Each structure stands twice: as C-alpha cells, then as structure tokens.
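Okay, structure first, notes after.
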Amino acid sequence: MAQPQQSDGSGGDKPPLRVGMVGYAFMGAAHSQGWRTVGRVFDLPRRPVLAAICGRDAAAVRAAADRHGWAAAETDWRTLIARDDIDLVDICTPGDSHAEIALAALAVGKHVLCEKPLANTVEQAEAMTEAAEAAHRRGTLAMVGFNYRRVPAAALARRMVAEGRLGTLRHVRVTYLQDWLVDRDFPLTWRLRKELAGSGALGDLGAHIVDLAQYLAGERLAGVSALTETFVPERPLPGGPTSGLAARSAAGTGQVTVDDAALFTGRFLSGALASFEATRYATGRKNALRIELNGERGSLAFDLERLNELSYHDGSEPSTHAGFRRILVTEPDHPYLDAWWPPGHGLGYEHTFVHQARDLVHAIAEGRRPDPSFADGLQVQRVLAAVEESAEKNSVYTPITI
Amino acid sequence: MAQPQQSDGSGGDKPPLRVGMVGYAFMGAAHSQGWRTVGRVFDLPRRPVLAAICGRDAAAVRAAADRHGWAAAETDWRTLIARDDIDLVDICTPGDSHAEIALAALAVGKHVLCEKPLANTVEQAEAMTEAAEAAHRRGTLAMVGFNYRRVPAAALARRMVAEGRLGTLRHVRVTYLQDWLVDRDFPLTWRLRKELAGSGALGDLGAHIVDLAQYLAGERLAGVSALTETFVPERPLPGGPTSGLAARSAAGTGQVTVDDAALFTGRFLSGALASFEATRYATGRKNALRIELNGERGSLAFDLERLNELSYHDGSEPSTHAGFRRILVTEPDHPYLDAWWPPGHGLGYEHTFVHQARDLVHAIAEGRRPDPSFADGLQVQRVLAAVEESAEKNSVYTPITI
Amino acid sequence: MAQPQQSDGSGGDKPPLRVGMVGYAFMGAAHSQGWRTVGRVFDLPRRPVLAAICGRDAAAVRAAADRHGWAAAETDWRTLIARDDIDLVDICTPGDSHAEIALAALAVGKHVLCEKPLANTVEQAEAMTEAAEAAHRRGTLAMVGFNYRRVPAAALARRMVAEGRLGTLRHVRVTYLQDWLVDRDFPLTWRLRKELAGSGALGDLGAHIVDLAQYLAGERLAGVSALTETFVPERPLPGGPTSGLAARSAAGTGQVTVDDAALFTGRFLSGALASFEATRYATGRKNALRIELNGERGSLAFDLERLNELSYHDGSEPSTHAGFRRILVTEPDHPYLDAWWPPGHGLGYEHTFVHQARDLVHAIAEGRRPDPSFADGLQVQRVLAAVEESAEKNSVYTPITI
Amino acid sequence: MAQPQQSDGSGGDKPPLRVGMVGYAFMGAAHSQGWRTVGRVFDLPRRPVLAAICGRDAAAVRAAADRHGWAAAETDWRTLIARDDIDLVDICTPGDSHAEIALAALAVGKHVLCEKPLANTVEQAEAMTEAAEAAHRRGTLAMVGFNYRRVPAAALARRMVAEGRLGTLRHVRVTYLQDWLVDRDFPLTWRLRKELAGSGALGDLGAHIVDLAQYLAGERLAGVSALTETFVPERPLPGGPTSGLAARSAAGTGQVTVDDAALFTGRFLSGALASFEATRYATGRKNALRIELNGERGSLAFDLERLNELSYHDGSEPSTHAGFRRILVTEPDHPYLDAWWPPGHGLGYEHTFVHQARDLVHAIAEGRRPDPSFADGLQVQRVLAAVEESAEKNSVYTPITI
C-alpha cells in the first residue's frame, strides 16, 4: 500500500504573487473568484495568493474575507498597500477613488490592477498613466480591468481581425443594453451619482464598448458625435447597503447626476464608421453587449448574453454557401480554452476574471506591460470625455485628444 | 350532370380600379405581383385591373407587359396618364422623375401610388404634397410606397405600440444593412448617381427606416445628428441595362456622387432617443432592416430577414418567466393574415405589395386619405434633409423642419 | 408620341397548358396561386391557363372560380376530366378520392398533379403508380405534390448532399410539429376521420417528412419501428364547413379514428439512422418541420418556420472557425431564386406551389417523368404502412416493402 | 488606524465536510472546481474541505492534488475511504469501478457522491441502491451525479412543470448530440470499451437525457423501443494517456464494443410520448443536449449549448401575442442565481458541479436523502437496460422493470 502523499493544496512551489484587493462588492466577488481559480486551471509562472482584502466596514470586510477566501482583512487601503506581504493591489472600488489608490500603490512598488473605467476624469487618468509609465521603468506594472477582452469569443475575434480576415474595416456597431433603471422607483445608488461614479451608462457601459470596439478593430477612434440623456432625473434615496445592481429604497428623493443613456457615432482613424449605444433603459435586455464589425472581406458579431458564441461571415465563400456561422468558442484551439472543458461545455461571465488574472500574472512574471495598460484606459477616458463634450455642444463632431 | 358554369376569372362584378404603372424593373415586378394577386386573396370593394405599363424602351416594356400581365404597354408616361381607361398611376421609376409624373397624374384626376422616397428633394416633395392635398379635396388620392409598414409583423408591432404595450418610449434603434457595394468593382448604376437617385443608402434604405421608426413609434423625430461616408468614390461604368441590385461593368470609371452609408442619432418629440444606420457595406447582411423599440412597459424587435417573426418582451411579466418571445406572425388574428394560409405558413417580401395594394384600394373606395400619405413622405424627406445638413455641418444636431 | 402597344397580358404566344383543378379549399387556394403566378415569374415552355375548377357545391365552386381566377367551374370531376380544353388535372381533394380521379384522368390522357399523400392505402397507390407508368409510355405524366421539395432551402440542401458535402450519412432526424389539436374542443373535421383522411398526423405530416428525408438523403428507408397515439379519442362534431386548419364545433361528439401523433425510428439502406416525429399536439409549434442531416463531412439543418434559411456545417473547416452557418437562401444562384427578388428579400410558403408548377410544366414540355413521381408517392405510402404495421405490432422493426 | 483582522480564508467556523475524491481526469477536475468554489458562493451549513484525492499513478495524482487544491493524495481508493479525516467519497472513475468503491465507502459510513451512470449493469446498481437505502437508515447518504439537473435553466424548468404550467404532458423529445467520433481515426479510448464504460453513447449521453427527461417531466418512462448502432467497429489503439474527450492514437487497431448511437422512443406512465437520441456522430454538434416538453397548457425547450436560456411557450396567452420566449435564466429569483452575478451575467458548465455540491451539503447537513438518489440512478439504469434489450430484440417495445 502506497504512503499517503501530502500536499498543501497550494498549487506547488512557484513563487507567490500576493494580492491585496480593495473593495468587496460585485467586482470584489468577481475578482476573488478569478484569483482563487486561476492557479487551479492554468499553468502559471507565479502562484496567486489571496493575501488581504480591504473595505471600510470592519465586520463586512471580515465576512467578505471569510466568504471569498482572503487571508486577512483591512479597513484602510493605505494600510493594505503598506503591507510587506502584498505584491499586487487590485482596485475594485467606485471610480472616484481609483486614482488615489493606484498612485499610492504604484509609488510603493506594488503592481496594480484597476477596475474600469480607469478614473472619473481625464486628468486623473493622465496622472495614473504617467505614474504607470514611470513605474514600468522600475519593473512595476499596471493594468486596467477591461475584462471583456478576455471572453474567449472576443479574444478569438481579435485574433481573426489581426489575421486579416475582415480586410479593410467599414463598420463597427456596438450596443450595451441593460434595463435595471426602467423602474422609476429604483433608488439613487452610487452608480447614479456623478461625484462617485463619474458618469452613468457612459462610464459604466460605454467604457466597456469603447475599449472593446477599439481592441477588436485594432485601431482607435478619431472623433465622435454624441447625445446623452437622463430620462428619470429624480429617484428615491437608497435604504441600505447596495450590492451588484440590486438595491432597496428609503424615504426621500435625490437628483440623478449622471446620464441614463449615451448614444454616439464616430470615425476610426482608418475611416471606418462606428456607432455606440449605452443604456440602462432597454427593457428586457439584461447584459446585451453586442458588437458587429463589417470589413471588406468578412464580418464578425458577438453578444455577451451568448458569450460562448462568435458569429463569423467569411466574405470569400461562394454566395451559394455563405452565411454567418455560429462558432461555439469552446474548442481547445480557441483562446484560453485548452485549460478548460471539452468542446461544447461553455464558460460564464466570471471566467473573464480568471483569464484577466492569468494574463496579468504572465505579464508580471515576464516584466512586460500588461494589456490593456493604463495608457489604454486613459485613451478610453479621452473618448468618453469627447462624448461628453460633444453632447454638451449640440452633438458637434469632436475629435479625440491624442 | 351539372352545366359547366362560365366565369371570366376576373374576380366578379365589382367596379374596376384600372392601374397604369410607370417603370418595370425591380419595383415594377414587385408592384405587378401585388396588383395581380390582391384581388385573389382579399375581398376588395374594387377590382384591380392591370391596364397599362409604361417604359421608354418599346420592346422591353412590351415584354414586361406580357411577363407581368399588363393589358397594354406605353412608352411615354404622358400618354399613359392621358388614357381614359386608367384610374390610378403607380410610379415605380427612379426618384428624379417622381415629382413630374405624380404632379401630372394628380392634375388629371388620377390616383397616385408613388414609390419611396417620395422625391429627390424637399422642394419636390413639398410640391407633391401640396398637389396631393389639393387633389384630395377633389377626391383624388395619393399614397407613398413605404411597403414595410405592410409586413404583418410591422403592422402588429404598430398595433401593440398603439395599445400602450410599450408605455413611455425610451429607445428606438434601427439599422438597414445590405452589402452589395462591398465589391469595389460593382459598377456605377443609377442608384449611385445623385442626379438620378437623390442620395445613396440614405434615400434608399434610410427613408425606409425613418418612416418605419416613426410609424412604429407613433411619433416624429425632432432632430438628428449625422455622419455620412462614401467609402469607394470611383467605380467602373455599367456595361448594360441593370435590374434589381445586379449589374455588369464596362470600360471606364465614374464618380460615385451619393453616400455609401449614413449613421444618425436623434430625438423623438417625446424625448425618446433614436439611432439609425443605413449602409450597403455590411458584408454578409443582405436585407437586415432591424428595429428595436424599448419602452417603460415593454420592448419589440423585428428583423426583415425573418419577416414572419416579431420579438416582444412584456415588462409586466414576473422576472422568473419574462423574456423576449418570438411571435410567429401567421395567426388569423394578425394583420392581413386572415386572408392567407394556416398558422406557421409564412409570407414573403412580395406580400407587402399585395397588402399595400389592398389598403390603397380600400382607401380609394372609401375616399379617405391613404396611409402613408404624401405628407408622410414629405416629412421623411425633411428628416433625410436634416441628416444631410447635419452631416455637412460637422454632425451638429439639426432640428427637423415642420 | 408612340402608339400604345396592345398586349393580352397572357404571357405571350407559347402553347397553353390548360389546367383543371379538383378541390378549392386550402390546397386549392395554394395551387391556384401557384398556377396564376408561375408564368409571370419563370420563363416557361408552355403557358399555364386556369381553365376550370371543380367542386360539389355549385355556388361555392363558382365563388372559388371568381376568387382564384379560374375560367370555368364544374361540379362533377368526371365532367371536368372529360373536357377537351383540359390538359392537366390537379387533384386537391382529401386522400380518399385521389385514386379514382387520378386513374380516370390518366385513362383519358390528362396529365395529373396529385396532392400528397398519394392515396389512403398502399393498394390504391399501387394502382395509381401502375397507371402512371402506363400513361408515361403514352406521353401522359403524373406527379405527386410533395411541395416542400420546392422550398429553395430544401432544394439547395438536396444539391449540397448530391455534391457530396455531407459524405457518408450517419443521422437524419425530422420532426413535423403542429399544435392545432391541443384544444380538446377542436371539432372532428375530415382530417380526423380515417375513412376520409386515411390517417392523421402520420399521413398529413408524416408523409411530408418521410418524402423530404428520403429526398434530401438521396436514399430510401429500409425499415422502421413506430409508436402512434390518439391522445383525445372523442371530439365535438363540426358545426359547418371547415377550411384550412380552422373549424367550428356543433352539438354532439364523435370518435377520432386517426392517430394524433406518430413517432418512428428507422434505418436507411446505407445504414444511416433516422428518427421521425409527426404531431398536432406540440403546443406553440405551428409548422415546425425541422430536419437535420449529419454526415461524416458535414451537416445540414432546416426549419420550415424559417424557410428562407439553411443551416450548414462544413466539417472540413478548421475547428477554430467552424460552426453552423445560416445561409440566407435568397441568392440568384440558389434554386429558383434567379426569377425572384434581390438577396435577402425572402419568399413564403405559397412559393413552393409556384415552383412545383414550374417544374411540372418543364417536365411535361420535355416529356420526362416529373419528380416526385407516383412511384415516389407509392414508396412513401409503403413507409407509412410499415409505420402503422410496426405500431400495431408492439413497435417491432418492420422492413419497408420494395 | 484599524488593526489588521486575521482570517484563515477558510470560510469560517462551520463544521467541515471533508471530501475524498477518486479519479482526477475530466470529471475529477470538474468536481474539484465544484468543491473548491461552493463555499465561496453559497451559505452552507458545513464547510467543504478538499481533503484527499486518489488515483493509481502516484506522480499524476500528486500533480492533480497540487493543481486542483487537494490537501493529500492517495494511490489506493481503499486507503482513501479508510481515512478518518474523510466524510464523503466522491467517485469520478469510469463506471466499472463505481459499485465496488461506493459499496465499500457506504459500508464504512462515508457519504457518497457517485458520477453517472450509477453502474455498468443493473445488478451493480441494485446492489448499490440497496446499500444506499441501508446506509440512509444509519444516516449515511448517497447521491448520483446527474449534474444537468443543476443547470439553473433545467431547475427552473422543473419548477415550472411542478407548478402545472405545462398541464397534461403530451410530448418529450430529447437529443444529446456530440461529434467527437466522426473521425474514423479517433482512437479506442476507455469510453469505447464495454468492459470499462458499460455502454457507449447510451450510458454516457443517454443516461443524462433519460434522467433529465424524467426529472423534468416529473414522471417515469413505462417502456421503450430502441435502435442502436456502431458505425465504426474498429479503431486505432490509443497512444498514451487520454483525458477529457481528446486522445492520440498508436499502432494497431481494436474492436469498438459499445454503441456509437442509440435512438429510442417510449411512453411515460401518463401516456405522454417520448423520443431520445444519443450520438457521438452528429458533425458540428458539440454538446447539444436539447429537450422539449409539450403539454396541454404550455411548452418548454432547453439547449445545453445555450445553458443560460430557457424557452417557454405559455399556451394561455392570446394567439396575437403568444410565442416561445427566451428566458435568460440569470435573475436572482431563478434557481441558484441569488448567489451569483447580476442579471445577464451568465454561468457555465462547471457551475452545475458547484450547485450539485451545494445541494449535497445541504442534504447531508439536514440528514435527508439527496436528489437524485441511487434509486433514481438505478431506475435510469433499468431504462438503459430496456433500451439495450429492445435493440437486441428487433426494437420490440420493452417495458421498464419497476
């Protein structure tokens, strides 16, 4: 009979990458799942350790630590980033605190993963990008969390565009449709307050689709023309802690200070046309991030509500047999998929965070700038700023600052 | 043994409605099918007669008459409208001739059905509308051919919006995507020449979606912000007669003087937001007129490539069971469907022309203004003019003239 | 000014093919639409003439003649087939009268188009086939109306199978799902009475899918194992004339003497496996004839509720880009489509009858056996007989008689 | 400044449930992910601990322990079940060893989770069920791993059927289509050898769909009529270790001793009809477990390739607005979903194992029989045995032993 073989279940003797996370709501839970799972699925050069989690409410953060598997809990992010046993700070707070935390963390040599949007203002994003560039020269790395790049179907789309399968790009159209504000009684959570969230659908959903559109197209927007709207300007005050997209209301009302919806059109530097719509009022659409790219040689389409699928039209097929095909993005030769399940056994939303963690660990181990960098996050911020400027100036076409 | 009963196969002893049609290409074939079929399927107060067809090429128009079942052929539209045995003139020519023919026909008391867009300029459309109003006072009627209102699913959508099923409208998004210009060698047909077609994707496809969006919403656009583009400015000259969307090329090239694509956003008078895209460069999309309306109480979506279906989300359903449902619009209680086949036995594109004919015959028999009227066509023209103006003025938001 | 050119609108000076139709309900209306339209759309060697229509109720048949455009009306089919001015007899009656009419028509040298199923019994079908073979030697032709072969997507599927795109066939699975009997109060129409309809879902829907499966596979079934069921054995008697699939009820009830649903599995001669389901109790499914073929090199799938689409998986594609593609079967190089509208402008159910008429006219003009022949109809009947035999014998696998 | 709060990241002070797992291939990885995640997402009465994993190859099992996070590794399952620090044995081996391991584990008072199919023969399954019943009386529990019951959409479907939303059931049709054997050179892995796998597509895929169909219907099958086939009887021998559904080939060939495909029809005890197809030869179908239930009041449809969706037709809706609706099963009031992400943020295949673990932990904590029990697994086995018997006896209808 064989001796029982002891294992610490830790994933082996690779050098650890000790993560400290700030924030423990929706994004905190999602990032925790990513950090906890990534080393169990992918072969990584370093072993992620869930070292400490940080939040202002001591009891709540302790509960979150237990729930999500973090070894320690902190109530002040300054303490967290000062800890010796932290290599990377993962920022999952609302946008108003991103800059301060990220700058401080980079300053003390911690790698940073910062949730999107990078910041609430271009100025903050510029400062962060400058700090990230400086940190990079010292070997400290920074990434912004546009996790949808890590949906395998989106990564496959990028690869196919890069292979030239679309040819000269003509059109990119993107919507990000949700409906959780349709009810006029939904309360005034932090996401509806400009001082915390920076903007509304624009920063939350629009940031995602601007990044994804540029990522997939492989090029940047030159300018935009925009309309924004706040359909319901006053809402009940929230009645307690909110989490995710759910909330209760209390007595009293307050002003919604962000956009409910943002529509914009634009031109890519190559001359391709783009259209964008971000809204929280599309009744029945829960998470409909839909993007389609039309090029001279082919087209691609994707819908986040069916995230294991990519739709592809190969324009070189004879017309008798041509058509949009539904690629089930679950094959071992699809991005990230060799580590997962057999064909047809799909992944979910949370896996984007596993893949994000994987790519960041590799970048850190190899000392190369992660993708998307803070510079990418800044550029998205500049697009959003141009959107806001255009919306304020009667929709006039507004170039993106470079 | 019973005596054979003689029948002239004409559809009985109802008073005839004698149609004279100008043009015999794609639209001419479609309208012919509509006039030929309508009395066989619907109970009509008058019996449509395919009296005469008109085109400039004598041999071709004669062949078209034989092919499509018209009793006579003319080579000059002035002769056609002068005939005593014509009650209605159906104009299926390119947009540059609409005004002249329609004005002349109305002047001599002929009812008019005019293909969309109503005209190539707002001025022409205004003159036509004025003439139609005057004619209406004399009992002569005019209709513009926005046939997609007569897709049963679109008519059902209109009915559902009118019933209040969507509540306060928030969003309307529409695309009309085709791809027949993707090939740079596709020749310079009349549809690509401003002097004949008026505009490109905008007038051809954009007119349809502006009309359909306003029709379904039950309200009008207040203003628009637009981008237009001509991706391929020079194309080979056509090598012979063209028909439908197919053509051959010849030696030499010429300038494309219309838009290849038009994107615009806008606001409805109620404050709802709208987005529009019309293009002939969406590789793989053949006839993708897609429209979605989101209201506070529900949503509707439609795709012309699946024209027997309407997608409906009832926002009052409990979230456990809510979802977009696919209504197969083939039930006897759906618009136009009681005259056709059993449930599930779908209709096609051409049936829109049968339904258009049906509705026009009823309007004429009852002496009431057909829907859409020339005034509706003029209003669409004004939207298109505002789109062009905005596109020329750096996308600035441009109100629609009332 | 040009002289008006007179045309009789008849489609020219081709030799006529004078059709006499028996029956004027659902199928009669559909066939009328086919005969009336075919010469307007396709270039035919002969010109179909709607010569006479026949039904037992003099007033009703006269009304049908006027409605559908038939020149004469008869009340006795014997008179109809005796007319000198009839070249072809189109049989649209219930199955119990097919044999008698077809035999008589063939005997007097009339071509025959007979609605499916060919007959209510194998014996009748055998006699009809023998008569058709004899008639063929005399230049008189007979076709059975499996119209779904003429859906362009089905014809394209057949072409692709014949091209070897599927390779060795492994699986064929077919359902034909309707739901018009779900309501227990739906009355006992002729379709529910064995003496008129022969069988229930089996003969009505099952005949279609057996024919289509064998047609697409390009081979015949060797044997079947079957279950049939009558869920609601007693129904109200009908309260008046019924048409299509709609009916009213009256007082009293009667016995349903046909199957409500039939399920069977089988083997093709090549060893491929097949499964079939025909039912009128699939709540929410209106006309869901769905077929999928899986071969070693590829797969095809089709759904009659989306009849302008064919789904194709090319097994030779690399797994990175493979997927079922949705071919919009509206291109000019698709079967029958060069005569219709531009790409993306779909057809409907009734067009199958136009295409059936087209193919029959060509076969007659060329003197060759139409496809599907009475022999094909007989073979389908033998499959249905084997299904019934298996269902009676405890589902035992029952070879098809050759 | 707050004191750092220490946490062991273990999920708190709940009593542990120490799991020992046998097998570490595809199912081992999936179960590991389930056990590792469940306590981080759900509030559980006991805290799962990944105590030990067992496999015959010492190096491989040690690597698997590290990879998947198990504290110890064993090479003999007898040693594993003898360990004091194991509360539950999770059996993820091929079917030939299920009975021996489960019986031994239950005998020493370990709870058991056994992968499906429960066993390779009815006899083994009977012994296991008897042992499970006896163990239950001693407080030791046993569950069989039909994980697809734990897809939220499937659990929602079950709830809706139980609520009576379908009324009297008429039809259940299920397919489970894969294509990994289409290539004739795919090697002879253990899944193709009767002595290890018991049967082929039948036991692997058929077991899933028989369980799911009966679970959703809420009733059992009475009898079946079946066809099975082995399309490719000889295959190359495998060239090395295989995992998941991927494998390499070596020199030499061997006999495939299991079915490649199984088709069967059947009757439920209530009289509803059912059809089943399980195959590994459906080119292009990767994991197409599709089930549809039609009842007198409504219908449900589900496709595992789109596992976040449930299709529902409410038969009580007026025909004007009725249609199959796509419920995105991601709402907090959907089964399991309150613990996960906001609406529209879908789950994947592996989450079924998290949910299975959750339900099992609750059952153990509450001392009640888990669902599905070994008795359920035995009943499925009896259906499979009847399928095999029918297939051997010329498809004759074969009752299920009770």
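A, B, C and D are the chain letters, set down in written order, and residue numbers restart from 1 in every chain.
Convention: contacts are C-beta pairs under 8 Å (C-beta built on N, C-alpha and C of every residue); 3 or more make two chains touch, one makes a residue touch a chain.
For reference, the UniProt names are A, B, C, D = Gfo/Idh/MocA family protein.
Keep in mind that this is a model prediction, so the values were computed, not measured.
Chemist: Name the chain pair with more contacting C-beta pairs, choosing from A-D and A-B.
Modeler: Looking at A-D and A-B side by side, A-D shows more C-beta contacts.
Chemist: Taking each chain's centre as the mean of its CA atoms, which one is most distant from subunit B (Gfo/Idh/MocA family protein)?
Modeler: D
Chemist: At what distance in angstrom does the C-alpha mean of subunit D (Gfo/Idh/MocA family protein) lie from that of subunit B (Gfo/Idh/MocA family protein)?
Modeler: So the centre of subunit B (Gfo/Idh/MocA family protein) lies 54 Å away from the centre of subunit D (Gfo/Idh/MocA family protein).
Chemist: How big is the gap, in whole Å, between where the Cα atoms of subunit A (Gfo/Idh/MocA family protein) centre and where those of subunit D (Gfo/Idh/MocA family protein) centre?
Modeler: Their C-alpha centroids are separated by 34 Å.
Chemist: Between subunit A (Gfo/Idh/MocA family protein) and subunit B (Gfo/Idh/MocA family protein), what's the gap in Å when you average each chain's C-alpha atoms?
Modeler: It comes to 43 Å between the two C-alpha centres.
Chemist: Taking each residue of subunit A (Gfo/Idh/MocA family protein) in turn, which ones touch at least two of the other chains?
Modeler: Within subunit A (Gfo/Idh/MocA family protein), the residues that touch at least two other chains are 285, 313, 322-324, 328, 332, 343.
Chemist: For the complex, which residues does subunit B (Gfo/Idh/MocA family protein) have touching subunit A (Gfo/Idh/MocA family protein)?
Modeler: Interface residues on the subunit B (Gfo/Idh/MocA family protein) side: 166, 170-171, 173, 175, 177, 179, 182, 184, 225-227, 229, 231, 261, 263-267, 271, 273, 275, 277, 279, 281-285, 292, 294-299, 313, 315, 322-324, 390, 394-397.
Chemist: Can you name the residues of subunit C (Gfo/Idh/MocA family protein) that touch subunit B (Gfo/Idh/MocA family protein) in the complex?
Modeler: Those in contact with subunit B (Gfo/Idh/MocA family protein) are residues 1-2, 4-12, 26, 30, 32-33, 36-37, 40-41, 50, 52, 58, 61-62, 65-76, 78-79, 83, 178, 180, 244-246, 285-288, 304-308, 328, 330, 332, 341-351.
Chemist: Sort out for me which residues of subunit D (Gfo/Idh/MocA family protein) touch subunit B (Gfo/Idh/MocA family protein) in the complex.
Modeler: 156, 160, 310, 312-314, 318-328, 331, 333-334, 343
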